[in-house]
Structure formats: C-alpha cells, structure tokens
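Across the two complexes that follow, chain A remains constant while its partner is chain B and subsequently chain C.
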Partner chain A sequence: MREIETQVVVIGGGATGVGILRDLSMRGIPALLLEQGDLAHGTSSRFHGLLHSGARYAVKDAKAAQECIEENKIVKHIAAHCIEDTSGWFVYLNEDDPGYLQLWLQGCDQAGIPVKEIPLEEAFRLEPLLSRQAARVFEVPDATVDGFKLLWANVKSAEKYGGTYRTYCKVKSLWLENKDIKGVYAEDLITGEIIQIRSKIVVNAAGPWSAEIAAMSGFDVHMLKNKGSLLVFNQRMFNRVINRLRTPGDGDIFVPHETVTILGTTSQMVDLPDDNQVKEQDVSYLLEMGKDLAEEIELHRVLRAFAGIRPLYESEDASEHEGRGVSRNFALIDHEKRDGVRGLVSIVGGKLTTYRLMAEKVTDWVAAKLNVTTACRTAEEPLHHEPPADVWNKARQLIGAAAADKMMERLNEEAASVIAAIEKQPELGQFICECEMVTQAEVLHALQDPAVHSLDDLRRKTRLGMGTCQGTYCTYRSTPMLKDTFGSWERTLKEYRILLSERWRGITPVLWGDQLRESELARALYLNVLDFKAVESEE
Partner chain B sequence: MWDAIVVGGGLAGWTAGIRAAQRGKKVLIVTEGVGTLYYFSGIFDYGDVAGLRHFPKHPYSLFDAETIDRGKQFIKELCPEYIENNKSRHALTVLGTVRQGDLMPRSMVLPDRQEQGIFVLLVPEGLKDFFPEIVVSNMAREFPGWQVKVKRVHAEILGEWERIGKSASGIDYAAIWRSKEGQNLLAQEIETIKREQQGAGSKSERIAVVLPSLVSEYFDASRTKIYGKDYSLPVIEMSSFIPSPHGRYFAEYLKHQFTDLGGELMIGARAAALTGEPVSDKQPKSCQEIIVHSMGKVLHLKAKKFILATGGLLGGGIKVGIERKSIHEDVFDLPLFVPQEWSASRFFAPQPFAQIGVETDNCLRPLDTNQGQVIWDNVHVVGRMLAHWDPWTQRCGGGVSVTSGCAAAEII
Partner chain C sequence: MDVRNELTARLDACQKCNVCTAQCPVAKVNPHFPGPKGLGPDMERFRRGQFIPGETTLDDCSNCKTCEVTCPSGVKITEMILDARRAARKGPHKTMPGVKLRLRGYVLGRAEYLGKLGVLWPGMANQALKLNLVRWALEKGLGISQKGPLPAYGKPLEVIEDKAGRAGVTSGKQVVYFPGCYTRYNEGETGRIMIKVLEHIGYKTIVPNFHCCGLPLEANGQFDKARKNGLYNLELMRPYLEAGVPVIASCTSCGLTLKEDYPKLSASAAQMIGAQTYDLFEFLWLLYEKGELPLDFQQVNASFGYHLPCHLKAQGIGTPALRILRLIPGVKIRNLDAGCCGVSGSYGFKAEKYDKAMKIGSPLFEAVNVGVEQGDFQEMLTECGVCKVQIQHGTSIPTEHPLRILAKAYNIIHE
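Let's look at the complex of A and B:
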C-alpha cells in the first residue's frame, strides 16, 4: 500500500474544494485534494453558470444577497477570463405581484446591489425575444461564469503554490484513532491501488457526496439532495441574464453562454448524489415556464438537457453555527465541537458564486488549528496573469480572432506553447471541433495533461463535443490523437462509445426537430460510414 | 400532365424516376435539395434480406425475391462497375477497417485475407478527416499476410492550401483525380511505386495501391470523358467519408441518366400540399395534383401517379415538432406509424424512432394506421419514408431504397 503524507486532505474537486486547495497553498499549508472523478464533474459544472449579483436572494435571504454582491465583485476581478460580464435583468411581468417588486427593490438597496431601471422600449430593442408581457425591467450586475474554467484556474494557481491533487481517487474511509483524524484511505480508480494518506486535518467539501463522507466518521450530516434540470438552446437568445422578478422559482432564468443559452431550473428532491438523468416531463415543464419570459421559445432548437444536484444543508439546530461568520447560505461544521471528532471539518451548502468565501472560511479554520497566521489573499490576487499582447496577436493571426480569444480564455498562460506549435506546423491550427473552435494543437496539449484519462475528461478541458454536433464530428476527428494517448484501437473505440453515450443521455430528453435529424446523421456516420457494429456497442 | 411526379431527389427518388423514364414514362422529379446522397459510402447495403423479410412489416416483406433482385439488376445496368456480392466481398472504410459490401464497385473489392502481398496506401497531402497511421495499423491487423506501406502524394494545385494549413476534402481530391492533370499525377505516382517495389525485390509479390477519394464508378461517356486512364498497378479505392465524393458524383451521374432519358427535373422546389377528391366514401382517394413552391411561384402540377421519396427523418420528409406534440408527413399529410417507446438508452442500439414512417400495402400505397385501408390510390411511398426499418442497425439502407424505388416505377 502506497503511503503519502501531507498536512491537509481536501475531499472533493468542485469549486469549493479547489478554492480551499488554492487558499491553503497560498498560505503555505501543504495540502492534497482528492477527487473521485474528474474535476468539476459534479455540481460545479451542472448549473446554469450564473455569477449571482445577489438580487435573486434580495427578498428571502439578505445575508446571502450581501455575500453574493461582495463575491460577485471579487470574482469578476480575480477571474476575469472565466466571466462574461453580461449584466442581468429582472423582468416584472404584467401579472406579477407588485408587493414583491417593492420588497425586492428595498432588499437590493439594503444589500448594496445597484439596480437601474431600463425603459421598456429600450429593453425590447436590446433583447428582442423578451416577452411582450414585460411591464418593468431592472438591470443588476449579474454575470455568467464558466465553471470549468474557474476550476482549472484555481487548480493551476494552487499548483504554483505547491498544492497537489489527484483525480479518479476515491476516499474509501477516514483514518481515525480514538476520534482523532490521522488521514484517509483512498483508492486510485485507474490502477485499483489503495493509498494511505496521513494528514492532520481532513476537509470534507464533497458537495452532494458530503453526507457519505461525514458518515465515515460515524456521524450524520443532514444533507438534502436537490436535483435541478436545465435546457441548453443552440443560440444566444439573450445577451443578458434574464430573471423573472418574483419569488425565485422553476424555469425563470435564462443565462447566455458564448453561443448557447441555458434555461433553468427545476427543483426536485432525490436520494442519490449522481441522479442526474433528466426526464421528458422536466423538459416540458421548463419549456412551459420559460414561455413566460420568451414567448417564442418553441421556435428554438434545444441541444440537450442536463441536471445537477444541489447539496442543501439543513441544520438540525439553528444556533449551532451562529456567531461563526457563516451565513445560512452555507455552513461550516466543526466535527470536534459537534461530534467530538478532532481534525474533521465539513463545508456544506453554498453557491458557486460564494465558493471563494467558503474556501476562505474553511482555510481560516484550518489555519487556526495549525497555528498558521498568514492572511487570506484570494480576494485580491488574480487567478492568473494576462498572457502578453504578442501571444494574443500571434494567436489571432494564426487561427482568427474568434477562435484565438476562446482558446486564450481556456489556456491563458499555457497558450504560448500551443501557438508556437501551430506556427511551426500550420496544419495543427485546423479545428478538431468546429462548434467550439478547438484546434488540433490545443487537443494535443490537453492530452499531455496527466489528469486527462479519457475522451470525456478531454471534453471538460477543451469543450470538445459540447457544441451543436454534440461530439459527432470532433470525436471522429480526435481519433489519431486518442489512439496515440490511450494505446490501442479497442480502447479508442471504447472512448468513442463512452463519449457518445454520455452525450446521448443529454439528447434523449429533447429528441425532436433538428436535434433528432442530427442524431440520425450521427447514427448514419458511425453505424454506416464508419461501420461500427450496433451489437458490439451494447455493453 | 405527367405519368408520374416523384417528390424527393435522394436514392429512392432517383431510382424511381430513372426506372420509370426507362419504361418510357413521362416523369418529373421535384426536389428541394440534393437528398442525403452526400453521406453515401459508395456501397449499397442490402443486409440480411432473407432474415429481414421475416421481420413483421419490414419493407422487404412487401416484395418478393424477384423484385429485390430486379433492383440489383437495375443498379448493375446503370453502373456497370458495380458487382453483386455472392461471395464474401469486402471494402475498406475510411478508417482502414473492413466492411461488408453487398453491391459495390469493383474497384473497392479487397483481396482475399489469406493471400499475401503489399498494400501501398497513397495519402493525399492535407486530406481532411483522413488518418493514415490509423488506416495503416487497422489494415495491418485485418490483413496479417500483407505488408502495408505509405506513400504521400502531393498535388501541386493545392500547394498554397498546404502552406497555410488548410485541408482539402475528399470532394476536392476526387475532383483532382478526375482531371487530366490529376490522372497523370496518379499514373506517375503509381508507376514510381511499381518501380520502387520491383527494385526492392518484391517482383513476384502482389502489389495493390490503396487510395481514398478516388471515384471511378460513374463513368458517363457523353459527359465525363476524362476518366479511363489505366494504371500500372491495381488500385483499390476506399469507401467514402462525408461529405461523400461518391455521393456527389453518383448524384450527378443519376441526374444525367434521368435527363438523358427525357426526365424533367425541378430543383429547389418544395412540394407543400396536394389536392385530390375521394372517388367515394368507401374507395381510396385519387390525387390529382400537388402544389409546389418554386422560385417564389406556386405551381399546381398534375400527374397520374405520385411517388413520395422525401427521405424520412433525416431527409426532412417527416417533421417532428417540439416535445413531439406534432409529428407529420410534410407533403400529403399521410398517417405515420409512430413507435410508443421513442429512444433506446444506448446510442449505438437500434433506436425505436428509426421505425417511424408510412405503412403501405404491397403496392406501396399509404395505409390508414388504424383501419388498414388504402388512403390514396395513386400515391406510392418509397425509401426512408417507409415504416418499420432502421437502415443503420439493419444495414439495408441502399437495398430498401433501390428495391422500393424500382418497384414503384414498375407500377407507373
């Protein structure tokens, strides 16, 4: 059995976990993050991608609203390349409750969220698809955030400060001696090897899986798993985030991302942390709700549906975490105080928008335990440095401005080597993925990352397969690179099948119209032109 | 007044139109676009005909063996380079794997795996979506007795594209190989290969050149005269990737065949609706004319028979609306068989939605899905518009389209 020693083990490679890893590393505390899948495979990539202004919470949760607006400003500053500063609108429809409108305006004012009313005529001019039932429109500093980019940027920054992480490494048990944490036992899911990791502190940041982790200490954390389903449209229907101005509910938010728009969200309690299959009735419901904000929603093509699990924390005792500077929005559970287990802390609940704040609170707690006095700097220090202007210019010259900008945002400081490769061998500048404009050189670069174990990991890193064709062409085009990386023809075929099946899960709930035709085209390509055997593929 | 109007210019539509024209009928083909021939591998898949005929309601069950055979004869007469696969004959996919070829061009036929020899893969520089290393390793695995070598071929005309890293598609290269310069270049390359191999002492061994994007089947003496060069070594062509050069030239060839026979063609025209009167309550209706939108005009076109060949889901003849609240056939608003279960959870599994289509009697006339009665007396449904089959998992796309197209033409 392999043995590793560190100061802190962080369980969970979502936004909160990587935020903690970065904060710990910046304060000089040795830490290892363990993730059972790929980074961001859970809730952090399965949401609408909204960077909250806090306006959505202005009425029901003043504290959360205030945290959101503060973090909104910070994240826009430290992670500019992951953010599109679209702004957001709150749209009050003719039928909506005027009482709520007043409460909302007061709430925003109290939380310090700037609100500007947009004259209706201008609103319809700026967002032509907006429902003509709109009566008043208010602008707030909402923005959109790319969860994948944000996570990778945190990890890369943490690595620079000495932080380490392992993906596909699943915690099997907590290593406890007389209720003292000594570390964890984990399994490397790729090799099957069991690893013993000695640490002073274990941070449970496993999101929907955190109840399972806490239970390994013999104590329960009361978590609710709430499934939120979302739809992806293949057009940018709106240029701003569009919210409905009423008590936040289902299907009342449109979030534009690059060339697509996400409509969210539903809310349904589930039992399993990975129950993320969307049902057709969820889709119907979302479309019905979405019609209130966009009357002609049915004319638009739905690319796919997906769902994430919100890890909601319900405290058994409201006084339990009062006075610790933690809002109702998220909670830090000190298992020594609560259960007598020393060295274990759980961070539960929360929002992606406040991931940094949650990380700061946890790291403060850890630092106090380890007598480290270094202050938190994550609110000031950007996640990465801007690549130099000459790299940008070179990239634009070689692959065109639109593709270059997308690539630079994905790669940042790593872009220089990819640009150099294209300059040397122009054919490497050809697009593997024409929807997301991912070049061959970028795919080759991503495949060199030791954390890329599959085509599906590659998808998360490069956005290959996330566009309109949903993997049909780009999967095929990555064939030679996959074979070089993964070794055999059988393995390459298996990677094809896994990726296309994963994409298929999101397509089946919206299988009509052009997406259905696209699916027939994909079947024609793989089963006929490339002669994949239908029977063999049934695993 | 035409003897028949064919709606749809895909494989089944062209087949019906040409066969009817061969029989001396006055035919019009109305087509919106080019159909899905641009995804044609170059091979007609027939699948397990005998087995599929026992599938309940499968289109093959509408035909006797003779009719299916007539379809094959039609293709072989139309394209003399096509041969029927009585033995186990195979062709290469673009990945270098080996696929079955039921009715395929002679030039695609692979040698026996038991034999020995040398394949020389000619790799056109910058050919898009073509992976020589993958092809070589797959061919080497499929043909253990054969050596696989690679030779790159560089077409001067694409020099500038190469310099800036722009790729050329299979269609670009096929056009080059059909030109005089391209033919000469290929001939030279192949002669060089021959000399090199003989110099290397492999005189006695069998040598075959393998080439993607060579389209040599659709030889039309009256128009495309250039093809016909003899090479000093046998050349095996690979089946097409998309967009398919085989599909492109096959479509062009079909068009020439059709118009040479006096067939009339209306491209960029969309058949939208029809008018027709029921003869009586009990009898099937008879269609008098269809309404066609073409170049901003609305035309009423009359014919004795109408053939619906609009290509199903992929071709666009069946429209499935949001949440599947509306599913309809676009021209005659025919009743459709719609499976209860819509999709299978595995992508590569047989998909229930693929079975959607029009149910017909043995004369390919549309049936009412409830009563089982013929709705239109003079409308015949062909190809992918037929219900109860899946061309991709049953591997019979070409077979059903050719057979039904031919059969419909025989009734006109």
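Let's look at the complex of A and C:
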C-alpha cells in the first residue's frame, strides 16, 4: 500500500474544495485534494452558471444576500476570465405581488446590492424576447461564471503554491486513532491501488457526498440533497441574467452562458448524491414556468437537460425543511466540538458565488489548528495573469477572433505553447469541435494533462462536444488523438460510448423538433456509417 | 406571433452537417476560410448579442449564396454573415488598411456612380482602364486587382418613362424593367434588345430611373446606402406594383435582391415586390406555359455552353433560359454545371481575392475549354454580366446573354 504524507487532506474537487486547496497553499500549508471523479463533475458544473448579486435572497435570507454581493465583487476581480459581467435583471410581471416588490427593494438596499430601474421600452429594446407581461425591470450586478474555468484556475493557482490534487481517487474511510484524525484511506480508481494518506487535518468538502463521508466514521451531518433540473437552449436568448421578481421559485432564471442559455431550476428532494437524470415532466414543467419570462419559449431549440444536487445544510434547529426555505448560507462543522473528534471539519451548504468565502473560513480554522498565522490573500490576488497581448493577437490571427478569445480564457497562461504549435503546424489550428470551436492543438494539449483520463474529462476541459451537435462530429473526429493517448482501439470505442451515452442522457428528455433531427443524424452516423451497435434501453 | 426573427429561428435549425461547406466555392480553394457553416451559424452562436472585434475572415465570403441553396435546413447562412459584417463595421477598430478597404468598398459598391461616370465618355474610360498605370494605381490605392477583368462601358440604356403617366391605365400589357447597373452602363445593348423582344411578344416596357439595386453596396459594407436605394427603387415601383404590373430583371443578382431583400424593407411596396418580380426567362416560361409566348422562331443553327449564375441558382427557379432556348429549332445548348465563376459580384476584382477567384472559376474555365476543344459548342451563354466578363477573362471564349439567341430566333437581331 502506498503511503503519502501531508498536512491537510481536502475531500472533494468542487468549487469549495479547490478554493480551500488554493487558500491553504497560499498560506504555505501543504495540502492534498482528493476527488472521486473529475474536477467539477458534480454540483460545481451542474448549476446555472450564475454569479449571484444576492438579490435573489434579499427578502428571505439577508445574510446570504450580503455574502453574495460581497463575494460577487471579489470573484469578479480575482476571476475576471471566468466571468461574463452581463448584469442581471429582475422582472416584475403584471400579476406579481407588489408587497414582495417593496420588500425586495428594501432587502437589496439593506444588503448593499445596487438596484437600477430600466425603463420598459429600453428593456424590450435590449432584450426583445422578454415577455410583454413585464411591468417593471430592475438591474442588479448579477453575472455569469464558468464553473469549469473557475475550478481549473483555482487548481492551477494552488499548484503554483505547492498544492497537489488527485482525481479519480475515492476516499474509502477516515483514519481515526483515539478520536484523533490521522488521515484517510483512498482508492485510486484508475489503478485500483489503495493509498494511505497521513495528515493532521481532514476537510470534508464533498458537497452532496458530505454526509456519506461523515457517515464513514459514524457521524451524522444532516444534508438535504435537493435536485435542480435545468434546460440548455441552443443559443443566447438573452444577454443578461433574467430573474423573476417574486418569491424565488422554479423555472424563474434564464442565464446566458457562453453560447447557450440555461433555464432553471426545479427543486426536489432526492436520496442519492448522484441522482441527476432529468425526467420528461421536469422539462415540460420548466418550459411552462419559463413562459412567464419568455413567451413562445417552446419555439426555441433545447439542446439538453441536466440536473445538479444542491447540498443544502439543515442545522439541527432549523424549523423549515423544504428545499427553497432552507438557508443558502453555509456552515462549518467542527467535529471536535460536535463529535469529539480532533482534526476533522466539514463545510456544508453555501453556493458557488460564496465558494471563496467558505474556503477562507475553513482555512482560517485549519490555520488556527496548525498555528499558522499567515493571513488569507484569496480576495486580493487574481487567479491568473492576463496572457501578453502579443500571444493573444497571434491566437486571433491564427484561429480567428471568436475561437481565440474562448481558448485564451480556458488556457490563459498555458496558451503560448498551444499557439506556438499552431504557428508551426497550421493544420493543428483546425477545429475538432466546430460548434464550440476547439482546435486540434488544444485537444492535444489537454490530452497531455495527467488529470485528463477520458474523453469526457476532455469535454469538461475544452467544451468539446458541448455545442449544438452534442458530440456527433467531434467525437469521431478526435479518434486518432484518442487512440494515441489511450493506446487501443477498444479503449477509444469505449470512450466514444461513454461520451455519447452521457450526451444522450441529457438529450433524451428534450427529444423533439430540431434536436430530434440532430439525434437522428447522429444515430445514422454512428449506427450505419460507423457500424456501432445500439444497446437496448433498459426501460 | 413569433417574436424571434428569421435568423434566430434558422440558427436553431442548423444540424452542423457541413453540406454547405462541402459545396462552398471559396472553401474549396482557401483552406484558411472557415466555410459558410463556420462563419455563419457556428460563429453566430458566439456573436449573438456580443460584438467580437477583429473577425477578419468575414470578408472572405463571396456572397454567392451557394450555401443557402445547399442547406437542407433552410439556414440563412449568407444573411448571417452579412449581418455580422454589418455589426463589424460599427465596431471600433480603424486601421490604415481598414481605411483603404473601406474606400475600396465605397468604390466597388458604387457600380452605379462609376457607371454614370464611365458612360460620359465610354471610349476614354475603357482606354483608361486598359492602361497599366491606371490599373497599377487602382491596385495600390484601392486594392482593386490589376489583373481582374473590369467590365467595359458602353452606350447607356435610356430611361423610358411611362407616357400615359398613370400606371396600369394604358391599354395593353406592360412590364417594368429593372435593368441593373451592368445592363444600364456597361451593356445597354442587351437592355435595348430585351425591350424589343418584349415588344415582339406584346409587352410595353417601362424603365424608371432606378438606382443600383443595392447588392454591390451590401457586399462592400455600404449597408445604409443599400437600404436607402432599396426604398427609393420601391417607391418608384409602387404605383406599378399596385396596378399588378410585373417587374422584370435581366441581371440575376438584381433579381435576387428584389425577390429576397426588398420584401424585408419597411415600405408598403415591400409586401408586393417579392411575388411580382421575375427573372426575364422565368417570365417568358410562365407565358409559354399559359400558351401566350409567340413561337414564331427562326432556325438558329448554333451550339452553346451555358453557365448558371449563382444568384440565379439562389432564386430557386431552375434554368428557365435553357428551357426557352431549347424551344428554338437548331439550338443546341449544354448546361456545364461547373460551379461558381469566382468573380461573384465584385469579389474577384479585389486584389487579395483575385487569385482565389480564378481558382474558384477554374473548373468552369476547364469545362468551357474542353467543350470548345471537343467541338461541342463555340460560344458561352450566361445571364449575369460579371460571370460573362469572368468567363471571357478565364477562357477567351465569347460569352453572351441568352437573350441574344432568343432575339435572333425572333428575327430582331441578325448578327
């Protein structure tokens, strides 16, 4: 059995986990992050992509609102390349509750969220699809955030400060001796090897899996697993985040995210942390709800549906037990205080917008335990440095402005080598994924990353397969590269199958109209031209 | 009401099949061109609502519309690209080459004014355009290729006002003729023959004092001017359209603009223009189908190769000229079906595009040369003026508007 020694083990490679890894590393505390899958495979990528201004919580959850607006400003500063500063609108419809409107305005004011009313005519001009039922429109500093980019940027920054991480490494048990944490036992899911990791502190930041981790040693962390389903539309329908100005409910936020629009969400309690299959009734329900903000929404092409699990924390004294009623605040559970175990801390609840603050609180706690006095700097130090203008210009010249800008945002400091490769061998500049304009050079670069173990990992790193055709063309186009990386034709086929099944899972609930046509084309391509065998559905 | 505009709806229809790119004449010869799908629906998803400065490949599209003809999902690809160009012009970046290209766009877009100048003294204008020094200056100063086949000027086509003064009141049948700048200033003779042919078949022709249809302006980034021209021309046509008088175009690009772009303008006549505009041979074929086309043809013993202009293809009416000419005893005509000639309006006149345009046209040139060598035909026919000039430039084979053959058969011209 392999043994590793470090100071802190962080369990969970979501936004909170990587935020903690970065903070620890910046304070000079050696740390290792363990993730059972790929980074951001869970809640951190299965959300709206909304950087909250806090306005959504202004009435019900003043603390969450205040944290959101503060973190909103910080994240916009430290992670500019992951953010599109779209601003957001809260739209008050004709039949909506005027009482709520007043409370909301007061709440925003108290939380320090700047609100500006947009004249209706102006609003309809700027967002032509906005429902004509809109009566008043208010602008707040919402923005959109790319969960993948944000996580990668945190990890890369942590690595610079000496932090380490392992993906596909699943914690099997917590290692306790006499109520003292000694570390964890984990399994490398790629090699099957069991690893013993010795550490002084273990941080449980496993999101929806937090309860499972705590339960390994018999501790009860009462998590509510709340499933939120979302729809992805084929194009940008709005250029701002569009919220409905009412008590937060289902299907009342549209987020323009990169090339698509995301509508969500639903709210439903589930038992399993990975129950993320969207059902057809969720889809029709969301479309029905979405109609209030965008009429004739059913005319727009839906690419896929996906779901994420909100890890809501239910403190013991909580009087409310319904999904939307539970606070979006986070809680730090010191298991020494609660369960008498030294060195174990769980961080639960919260939301992506406040990931950095959660990380700061946890790291403060860890630092105090380890007698480290270095202060937190994550609110000031940007996650990346803008690549030099000449690299940027070269990229735009070689692969076109739209593709270059997106690639530079994904790769930033690593972009220079990719650009150089294209410059040397111009054919590497051709797009493997045309929908999202991902070049062959970038795919080759990503495949060299030791953390990329599969085509699906590649998708998360590059956006390959995330566009209109949902992997129809780019999957087979990446064949020679996959074969070189993964070694065998059988393995390449397996990678195809995993990626296409994953895409298919999201497409099936929205199989009508243009997306149905696309799927038929994909089926013809894979079943007839490439002679794939269809697997019978279990249903 | 569908609040989405057509482009939005059609963007959703794109299946990413790349049929358009496979057929794109520019993509065939330029490996760096992202192709109609790339430049159109792919990038459109990135462009929606946000301006991406510095997209240089936008100007590589020749606006031939082959992609739109090919698309199985009805995506308005060229329109998306033109829209993006329109947005790009409003963008901030102004560089020296930018200024030169804008000036060129101004000049090439103004076929009408150039025509008005050229016809003042056609002999001199033509001689000047033959001077190496002049062509060198045009290339250096404006980026207009030294080698490109700029069309020559001739005796202009006269405006024929409606004598009766009120549209539709005159007894007998009449048509409004939209000659287009090429016929008006470079090849007035074709227009005059057309009027005689129409007279022969019983139609009186009215030629109002139209401006340029706007297509060259659009293709060269002069969007506002294009719109103004459209509105002006529509207003001239309005009384005739209201009286149900058909509008005839002999230039395929003008015809396409009248059929496809004018209906989008905000003017009352825009509602009517699409349904009332006909390509000349389309109009003749409809008459033939109704049994109204005089068939008093003389024998014309000649063989021709035929090139179908891209903008006629885009009208989706097939090849009416072939159908009509094949009614004439003695005429043998072969549709070469060899793709775009490359010049596509003013694209092939641009210095940096000239070589690509010639490459695009090379399959056509080869088909023409082979046909002539094998004795299949001695002459080429095509409706589009610049296609004609380009075919002659690429092959030295005489090329005519098919109308001339019809005129011979009707005994209107004799050479």
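A few remarks follow.
Assume the second predicted complex is superposed on the first by the 521 of 539 C-alpha atoms of A that agree within 3 Å, B and C clash if a C-alpha of one lies under 4 Å from a C-alpha of the other, contacts with A are read in each partner's own complex, and residues count from 1 in each chain.
Keep this in mind: a residue touches a chain if its C-beta (ideal position, glycine included) is under 8 Å from a C-beta of that chain, and two chains touch if they have at least 3 such contacts.
In this text, all values refer to a predicted model and were calculated from it rather than measured experimentally.
In the superposition on chain A, A:N226 makes contact with neither chain B nor chain C. Judged by the touch definition given at the top, the superposed model places A:T164 against neither chain B nor chain C. In the superposed pair of complexes, A:T508 makes contact with chain B only, with no contact to chain C. In the superposition on chain A, A:P480 makes contact with chain B only, not with chain C. In the superposition on chain A, no contact is made by A:Q268 with either chain B or chain C. Contacts of A:L521 after superposition: both chain B and chain C are touched.
Touched residues of chain A were counted for both chain B and chain C, and B has more of them. When the shared chain is aligned, chain C comes close enough to touch A:N239, but chain B does not. In the superposed pair of complexes, A:Q196 makes contact with neither chain B nor chain C. Common to the chain B and chain C interfaces on chain A are residues 426, 517, 521. Within the complex formed with chain A, the residues of chain B that make contact are 36, 39, 41, 45, 93-95, 97, 99, 126, 128-129, 131, 133-134, 137-138, 141, 163-167, 239-242, 244, 313-314, 316, 320-324, 342-343, 345-351, 353-354, 391-393, 395, 397. Chain A meets chain B in the complex at residues 280, 283-284, 287, 298, 302, 422, 425-430, 476-477, 479-480, 483, 489, 497, 500-501, 503-505, 508, 511-513, 516-517, 519-532, 534, 536-539.
Residue ranges of chain A in contact with chain C, taken from their complex: 128-129, 234-236, 238-239, 256, 259-260, 295-296, 299-301, 396-397, 400-402, 405-406, 426, 431, 434-435, 437, 467-469, 472-473, 514, 517-518, 521. Residues of chain C touching chain A in their complex: 1-4, 8-9, 11-18, 32, 34, 37-38, 42-50, 52-57, 73.
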